[in-house]
Amino acid sequence: MSFYTELLICVLLVIGGIFLLIGSIGLARLPDVFTRLHGPTKATTLGITGVLLASMIYQTLNQGHFSVSELLITLFLLITAPVAANMIAKTALHRENSAIPRTTGLSLLNNIRQRKAADAKEED
Amino acid sequence: MNTLLCIPLLVLLGTLVPLCSTRYSRTACAFLTAALPAIALFLILQLAPSVLDGQRFQTSLAWVPSLGLNLAFRLDGLTLLFSILILGIGLLVILYARYYLSHNDNIGKFFCYLILFMFAMLGVVMSDNLIQIWVFWELTSISSFLLISFWSGKSEARKGARMALTITGAGGLFLLAGLLLLGNVVGSFDLQTVLDSGDLIRAHSAYPIITVLILIGAFTKSAQFPFHFWLPNAMAAPTPVSAYLHSATMVKAGIFLMARFYPSLAGTDLWFLLVSMTGLATFLLGGYLALFQHDLKGLLANSTISHLGLITLLLGMGSDLALVAAIFHIINHATFKASLFMAAGIIDHESGSRDMRQLNGLWKYMPYTATLAMVASSAMAGVPLLNGFLSKEMFFNETLHQDSLGSLSWMVPVMATLGGVLSVAYSTRFVHDVFFNGEPINLPKTPHEPPRYMRVPVEILVALCLLVGIFPSWIVGDLLHSASFAALNASVPEYSLAIWHGFNIPLLMSAIALVGGLLVYYNRQHLFKFQAQFPSNDPKVLFERAIQQLVAKATWFIGFFENGSLQRYMYFLFMFTIVVSAYPLLDLDTTAGRRPEIPLDALSITGAVLLSIASLATVVWHRRRMVALLTLSVVGLIVTLAFARFSAPDLALTQLSVEVVTIILLMLALFFLPQKTPKESSPRRVVRDLGISAMIGGVVGTVIYALMTRPLETISTFFTENSKTGGGGTNVVNVILVDFRGFDTLGEITVLGIAALGIFKLIARMRLYMPSSNEQGRPWSTDRHPLMLSVVSQSLLPLALLVSAYIFLRGHNMPGGGFIAGLITSVAIIQQYVAHGVDWIKDRLKLDYQIMIGSGIGIAALTGLGSWFFGRPFLTSWFDYFYLPVIGKFELASAMLFDLGVYLTVVGATMLILANLGQLTTSERAVFEEEA
Amino acid sequence: MRFLPMPFHSLLLFVIWLLMNNSISPGHIVLALFFAISIPLLVNSMRSEQPKIRKPWLALRYFFLVLKDILIANIQVAVLVLGPIRKLKPGFVAVPLDVTSDVGITLLASTVSLTPGTVSVEVSEDKQWLYVHALHLDNEQALIDEIKQRYERPIKEILGC
Amino acid sequence: MLSWALFFVTICICIALFLNLWRLLVGPHVSDRIMALDTMYINAIALLMLYGIYMETSLYFEAALLIAMLGFVSTSALCKYLLRGDIIE
Amino acid sequence: MEGIYAFCVGLMTACGIFLTLRGRTFSVVVGLTLLSYAVNLFLFASGRLKLDGAAVLGMSEEYGDPLPQALVLTAIVIGFAMTAFAVILAMRARADLGNDHVDGRIPQTKEQARQKSGGQR
Amino acid sequence: MQHLSILPILLPLFTGALLLLPPLSKTLKRQRVFTVLSMLLQVIIGFTLVASVQIDGVTQYILGDWRPPFGIVLVADPMSSVMVCVTNFLAFGAVCYATGYHDRTGGYFYPLFMFQVMGINGAFLTGDAFNLFVFFEVLLIASYALLIHGGGKQKTQATTHYVVLNLAGSSVFLFGLGILYGTLGTLNIADMAQKVGELEGSVAILAKIGALLLLVVFGMKSAMLPLHFWLPKTYSSASAPVAAIFAVMTKVGIYSILRIHGVVFGDEAGELANIAQSWLWPLALLTIVIGTIGALASPSLKLLTANLVVLSAGTLMVCAAIGSEAATSAALYYMVHSTLVAGGMFLLADLIARQRGKAEDRFVISKKTDNPLFLGIGFAIAAIAVIGMPPLSGFLGKIMILQAAHSTAEQLWVWPIVLLSSLGALIALSRAGTTLFWRHSVNKQQTEEHQTVHIGEWLGIVLLLGASPLLALFGGPVSELANDAATFLHDPRLSVEALLTSPLADGGF
């Protein structure tokens, strides 16, 4: 394994690791449910992609034949992560978890909760 | 065939005769019933001359040789005597009963029981094997139970029967213990061997126990003090039964037993003291109690107790002559008491009452019966020229020649005389109160003489009383001699059976008894008054109360332990586990063994900490169910990672897929179970439970640590070596699962299939209300099938199926396999359910999960069966490599087919469970009410 | 089309099978073909009607565009997450939808979730509005426009609805 | 270099896992906890891939794939439960 | 490593057992699940721990003991079936008995009450 | 007939699987006929197996052709073959009975019943410790499913307790197995027996814990004292044919104790010889006591029968505690007897309960039964047999046990307790019988339609209870059989070494 490939793997790994960590930091650090959603859906997905790519390259070189199966996991996560985020957000909305007060567009929240159109009038 | 075997066999067959002949007239039934016992009696009488000459017949058939239990019968003098009594009186009773029983009674059933009893009794006396004696002994208890409770509609009959059964049954158990011990001491259960080794037995350390046990058996059966109380209560039986069982035969079984084992057990102070004192006490107590009975049969029953006491006393005196006297009195008592009972039965039958306060002056109505009864009761009282006199003379004589009480031995004759006084007194009362003493009071019927043939048995017996009384040696001399010879198992001492022995002390004692008895009877009012001061303790009530108290105590006790709380049972289980497992651990010196440990690293520590925190959090938050569920998922995830870490990828896969399905199931449960868990464990309970769980956790941790740090040699190298060559796969775990230990897997999928069927059963009848709001009281969201989820799930399904196919196909060589593939398929389908709902799926997916389960198990099993056609045992695997032009080399293995079975079962089972659970909830939502 | 009810999926499955096995040996190609045909046939009944991909090449380009945006998105998010929380100005935005098909909406929502600073939170019941939560919202309208221009338009073109 | 990178990433993921657990434990809402669990699944995938690199084996790929798949199912089911109570209706 | 592993197994066992001793079906089921995790780890470890020894031929130099792994696999599946049954049973119990207690504090129905005090003889 | 010894497992398995598939799954009638026929065949196979073991000696069936101790073997020795035969016979009786009424009260009765039989037979036949666990689970899960058959509150509650306890028990089982594997490195029971003797020191102590944990599990299955509490309620609430087949389940526990603790940890086990005995003695005796007390306290016939099962289990455990050859032989005889009689009694209790109107089987005054003669005779036979009174089979078993206990140090405890338990049973059953059959309410206005005994129900009861007189009559041959079995089990040369070193072990037949 040449130095450069190893370097590439390392870089990918480190990027992956950092983003994974950032995702989790976001999860732990951000103030409300909706902001926390951003960490796992984006940073973590990217992080895992990094690790998977590293693994892919490494395994390909190590085993001597093309190893691309990791792409499958990436694909999978790319498909599912937004849906998971959406479900969690729906849950949070349904259970009336509060967003932090400085959020803009809080007036929309009630409409969102009841899944009404944005221009629908408040009824209650 | 052997005559000796024929005798009991004939009687046994006889039990069926009444059942078959019950449809004919009652007379015909009675005669048919009597036929076989009559033949049996005839056979015995045929053998009698040889027996009287001192011959002994024995026969034996092997039954359970390993126990020393043979079907052995004997006929010696004692047996002969008793057999004649049993069969003879039995025949008379059959005749009597034909008239006694009314049309309402099922006479066939009665005779059946009666003959069964006869068989049992005959068996007791004819047995030549210790265990066999007990077998028949208990049979008498059972048959007497049936007879006593013949009028089962009456509460008295039921209670009396139960009491008799309980007491004699208990005695029987003592007897069994005694007999077994005896047999073990002698080394044989053969009766003759036992009889011949009396010295050995008496010298053995177990002798006292044996004696006591056997005597208790005998005493209970013979209604000896303090077990006497069941006998009067057994009088609820029809009178023929009383006459037969409770005077002539069954109560004599105890006496018989003592006489039978006389050579083996008697001859020690223990025996004398126990037997004679019990006998004396019974003799007096029975006589005394008889005096106060108002019930005719009660009087007779207590007099029977008294006379049985007399015989027992004789047996306990230790002299051979006393034994002769005892046997003589057995004969006499049987004759006069049976006739008395029958007479009492006639009175009862014809007048409708047995109460002596109502029965008066019957002489006028039934003079003939009265005469018979008077003769018989004179015999009971010991009036000269009747048989009772003779044996009583012998008894008095023997009391004078004993020294069982040392210097207090003089008391025995005095007591005996007193007993004689009592027996004269109650006999007088029987005669005077019933047949004279004014007019009958309020009798239900006008008394009259019984049918002709109902009197015949009484006549015969009374005639015997007279004949024996007058010509003793001519009538019973030989019989008595041979019986005594057999009982003694040695030569019989000289004795004379004459009416007149000259003026001697026994005669004086008899005279005192006669005179005193009359005096007592005339002054009975004083005695009655005296007796009235005591609270009347009906033994029946006492006994019932005792039993009921026993039951109440038992109920309380059981209720105390089995309080219906699962926690209690779990507590017992875990406590027991702790005790059992921690105790040996105390002996373990060092926990750590010699095997080098794997060094720690950050990852493992992280895993361990996460696992610990998550587990603890599950415990702490178990009342916040949703959170507990999430922490549980974390635990599952870490366990999965642990499996992966310690080189078990298959396990990781399985654990993971199982966990998801479990969580989904738990969520379903969460939905239907009450949404809140109130805090309900007391702090003490919590501390206790913490203690228990900590202890078990500690033990488990210690043990596994100790195990892991010790080297181990296992059979596993075989698997790794043979996996490829023998099983055709490189994934050893999978090869073990589908090949080496495929049978386990077959069982495992069966479990899964059964679980699904069982769950289906559970769901089929379930009526659950769905909560309309969550634990916060918030109504559910109206968005049944979120848009993004449904769209994406649809696209994921083919992908998931592909993955499951991939996992399935590579299972044999790489981590994976049918089970995991099955779970993935199931989870993918479940995801569709989650995203689209049951109704949507139902129209689109038409799979019969039940058939999937059945065929899955079937395919797996059939795969195993396939090897039969190659002459190999079940589940022998087969694999081979093939070449196809384009594709190249590939492998086919029977294990794949097996795995297909696994796959089908898993999918079928999981889906059967989940799909049906889903259907459960498609009905309309009722408002749910939380229980108070 | 009876044997290939879902051509796109079939292709995907075919590729994925080979991906998973890391192999393009003839045996695996045969297997991949088998699954690519059989699985769609199996699950065909389990699908609701879905629009076809009209412009595959545009789809591919869109895919890479999203990939690039994901990268950028993450760096932005990283900065925001690690930066001072107080300066964060989260907000909800309602995006009016032009795409009508479920698939289209889902695709758009997913893209929004994966790309800079936004997560799609909810779709209104009449499917006219997509509610989006932004981690840091400076200009509402700009965000709406960007979403509509950058993502919704290509999706509409690809799916034709 | 690779081992160093591996070590670094492992530490990162360990910290991430702890953070996830922390979020899972403190909540405050169930949605937060589910999110934390979901993130944990993804971190676990990364961990498995790392382990695969470290052990020079691809044996753990399937496990990672399964976590990805099943983690999603589990998350969506959990959310569905919170939304509708009945996950299969 | 062995020590920490053993500690975790012990702790999980303890947690599981504590939960099974609670008075509600749900806690009991969760406890049993936890307990079965612990059991699986225990059984697995009875073949001793091994790093880098997956029992796939050709993938490693030394193999861990594959037999306990196979046993654990069977145990997992069986445990799954059992847990599933227990879960549904808990629901059924709720449906039939109206509550989720397991501690026997069930309001007695008339029939049961009569049965308990029922006269004898 | 080389496959004879696996048939008792395969036949019910296939029957069960086929019953799930069309065309059999379509109507109950087909299922009924098929199951009865299959069961009849199984009975025949059971007897054939006993006979073949008697004639040809012990056979071991090497599954998958992997020689022991590596693969799983089934061992058909005299003991297991007899137990299999008893199980099949009992199951046949129960199935016959079920055709009358009970198969209609819920779904999947026959398939589940077949799986239950399979599990029990497997547990008896297997020669592998982990496979024993698997079959335990098969029989357990089937029993859970069968227990709820018919439905009702009581069943649900009893099942909940039963299931949770047994789940905990299964965990303990696995702990025990793990320890044994971790110390012995093998799973084949015969191989274990060989290796146990070589253990010493700390490893021996660990193995001891494993063995004792197994004792806990088997104790729970066989209703040993502190672990028996689930039994009375569970058995009494099960529907009749299920309760009948349950009668053999406690025996599986006893059998396993005899197998594992009597043989593997028997006299030859070196440091670990007879470790279970000191625990078994007091517990067995106390089990008898509590069974007797429970019998006395029982307010209904089913509960009474269930408590009698506890009592008989205690008696059997005494045999296991004695551990001698005579005791094992006695245990086998008593096991056969008590299984069949208890099974018959459960069936009878159900019939009685169904004929007594609202009173069911409780000991209260009630209407008269419709078939007093049949039920009465049946009850008498069952009662006499179960008390251990002559002339039915119970007394032979009891005497054998007493004799086996003779001249042991604990004789002073065993004899009184065993005998007094008989007395307790006598009291309880005489009260039960007199009340059930003889205390009638007078009012005869409500004359419901006269119930007749269905032919299947009749046959089931006659088969099971009729076995008792036969067992007594042929006490000689049966006890010889039991002696053979005991001899085999206690002779390590026969039971252990032969199974590992026989020429059969090379895979050929």
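Read from first to last, the chains carry the letters A, B, C, D, E and F; within each, the first residue is number 1.
Methods note: a contact is a pair of C-beta atoms (placed from the backbone, for glycine too) under 8 Å apart; a residue touches a chain by one contact, two chains touch by 3 or more.
Here the structure is a predicted model, which means the values were calculated and not measured.
Undergrad: Between subunit B and subunit E, how many steps is the shortest route if every step has to go to a touching chain?
TA: So the least number of steps between the two chains is 1.
Undergrad: Quick one: which chains contact subunit A and subunit D both?
TA: Expected: B.
Undergrad: Higher C-beta contact count, D-E or A-C?
TA: A-C
Undergrad: Compared with subunit D, which chain's mean CA position is the farthest off?
TA: Measuring from the centre of subunit D, the most distant chain centre belongs to B.
Undergrad: If you average the Cα atoms of subunit D and of subunit F to get two centres, how far apart are those centres in Å?
TA: 48
Undergrad: Between subunit A and subunit F, what is the separation of their C-alpha centroids in Å?
TA: 58
Undergrad: Using CA atom averages as chain centres, what separation in Å is found between subunit B and subunit D?
TA: Measuring from centre to centre gives 60 Å for this pair.
Undergrad: Rounded to a whole Å, what is the gap between the Cα centroids of subunit C and subunit D?
TA: Distance between chain centres: 22 Å.
Undergrad: What residues in subunit D touch two or more of the other chains?
TA: Touching at least two other chains: 10, 17, 30, 34, 36, 59, 65, 69, 72, 76, 80, 82-83.
Undergrad: For subunit B, write out the residues touching at least two other chains, lowest number first.
TA: Residues 158, 551, 564, 566, 568, 570, 574, 629, 645, 649, 668, 670, 699-700, 704, 707-708, 712, 714-716, 719, 740-741, 744, 748, 751, 754-755, 758, 762, 765, 781, 783, 786, 788-789, 792, 795-796, 799, 803, 814-815, 917 of subunit B touch two or more partner chains.
Undergrad: Please set out, as single numbers or ranges, the residues of subunit E touching at least two other chains.
TA: Counting only residues that touch two or more other chains, subunit E contributes 16, 20, 25, 28, 38, 40, 42, 45-48, 52, 54, 56, 59-60, 67, 71, 74, 78-79, 81-83, 85, 89-90, 92, 102, 106, 120-121.
Undergrad: Let me make sure I understand the interfaces: which chain pairs count as touching?
TA: A-B, A-C, A-D, B-C, B-D, B-E, B-F, D-E, E-F
Undergrad: For subunit A, which residues count as touching subunit B in their complex?
TA: Contact set of subunit A toward subunit B: 76, 79-80, 82-83, 86-87, 90, 94-96, 115.
Undergrad: Can you name the residues of subunit C that touch subunit B in the complex?
TA: Checking each residue of subunit C against subunit B gives 6, 9, 12-13, 16-17, 20-21, 25-27, 30-31, 35, 39-40, 42-43, 45-48, 50, 102-103, 105-106, 109-110, 120, 123, 125, 127.
Undergrad: Touching subunit B in the complex: which residues of subunit F?
TA: Residues in contact with subunit B: 2-3, 6, 10, 13-14, 16-22, 25, 61-66, 69-72, 106-108, 111-112, 115, 118, 122, 130-131, 134-135, 137-138, 141-142, 144-146, 148-149, 151, 157, 160-161, 164-165, 168-169, 172, 175, 178-179, 181-183, 185-187, 191, 202-203, 205-206, 208-209, 212-213, 215-216, 219-220, 226-227, 229-230, 232-233, 279, 290, 293-294, 296-297, 299, 329, 384, 389-391, 395-396, 399-400, 402-403, 406-407, 415-416, 419-420, 422-423, 426-427, 430-431, 434, 437-440, 475-476, 479-480, 483, 509.
Undergrad: Under the stated contact criterion, what part of subunit B meets subunit D in this complex?
TA: 602-603, 606, 609-610, 613-614, 617, 626-627, 629-631, 633-634, 637, 640-641, 644-645, 649, 652-653, 656-657, 659-660, 663-664, 667-668, 670-671, 770-771, 774, 780-781, 783-784, 786, 789, 793, 796, 800, 803, 807, 814-816, 820, 824, 827, 830-831, 833-835, 837-838, 914-915, 917-918, 921-922
Undergrad: Write out the stretch or stretches of subunit A touching subunit D in their complex.
TA: 6-7, 9-10, 13-14, 16-18, 20-21, 23-25, 27-28, 33, 36-37, 39-40, 44-45, 47-48, 51-52, 54-55, 58-59, 62-63, 67, 69-70, 72-73, 76-77, 80, 83-84, 87-92, 94-95, 97
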